[in-house]
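Next come the structures, one after another.
The following pair of complexes shares a single chain, chain A, combined with chain B in the former and chain C in the latter.
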Partner chain A sequence: MTMNNANLSIEQIDALQEIVNIAMGQAGDSLARVLNSFVRLSVPRIRLINSAQASQCIAEIVGDTQQITAVRQSFYNKLCGEALTLFSSEGCRDLATLMGHQTLDTETEKELLFDISNILVGACLNGIAEQLGADLSFSAPSLMASNVVSSQLLSPDTLPWAYALQVEVNFSLEQHKFKSHLIIMLAEDAITALADSLNYFIEAI
Partner chain B sequence: MATPVLVVDDSGMSRKLVIKSLPADWNVEIHQASNGQEALALYREGKAHVIFLDLTMPVMDGFEVLEALKREGFNAFVIVISADVQPKAQERVKELGAMAFLKKPVKADEVLHVLKEHGLL
Partner chain C sequence: MDALPPAVTSLLDFLIDRINIGIFAVNRNMECTLWNRFMESHSGVASASVLCKNLFQFFDELPHKILYHKINSVFILKNFAFTSWEQRPYLFKFRHHRPVTGGVEYMYQDCTFIPLKDPAGEVQQVCVTLIDVTDTAVYQKMMKEAMTSLAEASNRDGLTGIYNRRCIEEVIMKECQRVQRYGGTLSLAFIDLDRFKEINDTYGHLAGDDVLRITSTFLNESLRQIDALGRYGGEEFVAVLPATDIEGAYIVAERLCRRLADIPVHHNEIDIRVTASVGIAEWQPTMSRYEDLIKAADQALYQAKADGRNCVRRGT
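So, the complex of A and B:
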């Protein structure tokens, strides 16, 4: 399969966008309960990227001079790929304060970021899988990079596929600097399975 | 006379789902908008006695629509239908004048219940 015929139809993208929207709403609600704050949600963005572009896409999403910390979780079964949760370094400090930590050692910060990643990735992926009637499992979070410049997070060989369907959702808090970008990359081989599931979903409406 | 109903959502599929969930015997004239700005334009033309409003939208979101409606005298019944299910989002839209809040994906019996509860049917 090439990148060109991996394109989803406008109707399929619209359905996926709405599915992600609902899943993101559930993730936002979970995050709001943990942080006891109102979470602002962005409109999900869906696009097809090749692995060479991936790094530039990340820089574009978070700002290219931004220092970020990234947590990675893989998901597998019929739908497979990688979910990255990105935090700005500034946002990490803010998160610590929000969670009631005066000072934060590296280990505690890591645990905190893993918790947030688990909440967002879990709610989003489960929400998407549930609506599409697909089974899905995901790995425990691992620290991908700590305080790196966003454009250096991914190199083409970090990703084991030529291209992927990228879904991006942003969570931010009012009156706080905390902001998190959730990036779900569906591997090229799973795009056909996704398209089939979307067709079932659309037919059922 | 048919009731002018406005369905506002950036997703065409989502608008379709809302329209399908309306009671079959409700005499309505349906208008659609894909963002808040288009919605306000239709409201000003008198095409929105009842508004089904999404919150997360590009250009102008649902909260901003409610604020604008408030400034313009709020001459419509607004039912918010949203994936943003935070209790605070629900509180906020009610404060801004929305009549009801329904979670996505919307269900026909919930729409029916809200319409009956507020004497729109």
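So, the complex of A and C:
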């Protein structure tokens, strides 16, 4: 990555990777308890991206032509940023069946997606925050887009940041089509705040 | 957290009680541990009577299963939870603050469920904040209605109220795609009023407008529910006839032609005779684009004009 990595040292990134791995494991466990199904999750990937790459990164994560529904949620306090949960359109229907809904009207489906992304986002971020000694607050989840092509989710022209830290993890369920991608993003100043927290964490070990 | 000075604590107590937001809390047994003034005044239940009581036993109207699940998830996952008015307009059947202007039945509510942790990090209580978002909901509803009528208006011809050219072309395109994919029949009828310029020249443009309006209403009422009628150009209309072969389309077009010629348009106490030429065409498997069907019907219309007007011709 050509990005100026000066924001986070190798040591800081290693520490963050460790923290995120633990947090994601906990999140998978939470989700499994709610869905009563074994949850598989990928090794979290951490990278710095610039705003011009943002759309391409999302397309890379979920697949170029894939139609997705995206839910966003903000978190704030010691760490602040936004978390996106991306669902494939097919996965949404599968999830509904999994949760015991025969038919779903659009609002009930939205509520279901919000609940699932809230659990994912909360579990991952609380896990990260707890290890860093932070206590986070969350805004209510809201629908960012439904059934759009993944590369059109973000429009680089309107992004208010030049570079951001992206933490990405994929969740899927054994024997189901359900699949979701969680993307946590921290922009510029928030990365500096994170770096401070990481320093405390590193000193403490 | 360090203990707060008494003055701050009493200020906080005051705020929690008087703030224009509902705040309440429950413990693991779903017993109420906090119930502020907003909750008191909107529920009509005093704090003294609900404290230490099971919330669900007190309020029948609560969506028991969903809410229990939600609060429980906060205890287990130590995570925030939310409900939004857009999916679930209310949890409590509270009266709204629009007794005069109305528009809604109950207060619309956004709720946030916050885990309250003890020093050991265990969640002992869940605090709920309830925000009255009735006004937002009402405005959103108004906006949605405006958007719907705007979308509707953008599909309509200003003079006649039937579909405009852009919209009817879209209908033709979709119907063509449908028969192309799933089979079946589809026909088009291009209907052009004869010697319309003479009507304008003889009776004036207002009379011409009346003829267009009355004729389009007549055409629209003569078609089936599944058909669609649009204004294609000045005095040219197009009827989309799904599930209709060329024979069926001919019968429809003939009938329209005859009745149009029989009933004069009444304008300012004068009767204006109106006839129309009609070109019809049926979708053929050899056609590849919807424009091919339009072209075939248009050519048939040209033929009807050439054959002396007030008649129906078929295109291929």
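For this structure, a couple of remarks:
Assume the second predicted complex is superposed on the first by the 196 of 205 C-alpha atoms of A that agree within 3 Å, B and C clash if a C-alpha of one lies under 4 Å from a C-alpha of the other, contacts with A are read in each partner's own complex, and residues count from 1 in each chain.
The rule we apply is simple: a residue touches a chain if its C-beta (ideal position, glycine included) is under 8 Å from a C-beta of that chain, and two chains touch if they have at least 3 such contacts.
Just so it is clear, the structure is predicted and the values come from calculations on it, not from any experiment.
Of the two partner chains placed by superposition, only chain B is touched by A:38; chain C is not. By the document's definition of touching, of the two partners only chain C reaches A:140; chain B does not.
In the superposed model, A:25 makes contact with chain B only, not with chain C.
Of the two partner chains, chain C is the only one that A:111 touches; chain B does not reach it. The touching residues of chain A, counted against chain B in their complex, run 11, 14-15, 17-18, 21-22, 24-26, 28-29, 32, 38-39, 41-43, 202, 205. By the touch criterion given at the top, residues 73, 76-84, 86-88, 110, 112 of chain C touch chain A in their complex.
Those residues of chain B that touch chain A in the complex are listed here as 10-14, 16-17, 20, 56-58, 82-89, 92, 104-105. Residues 30, 33-34, 107-108, 110-111, 114-115, 118-119, 122-123, 126, 137-138, 140-142 of chain A touch chain C in their complex.
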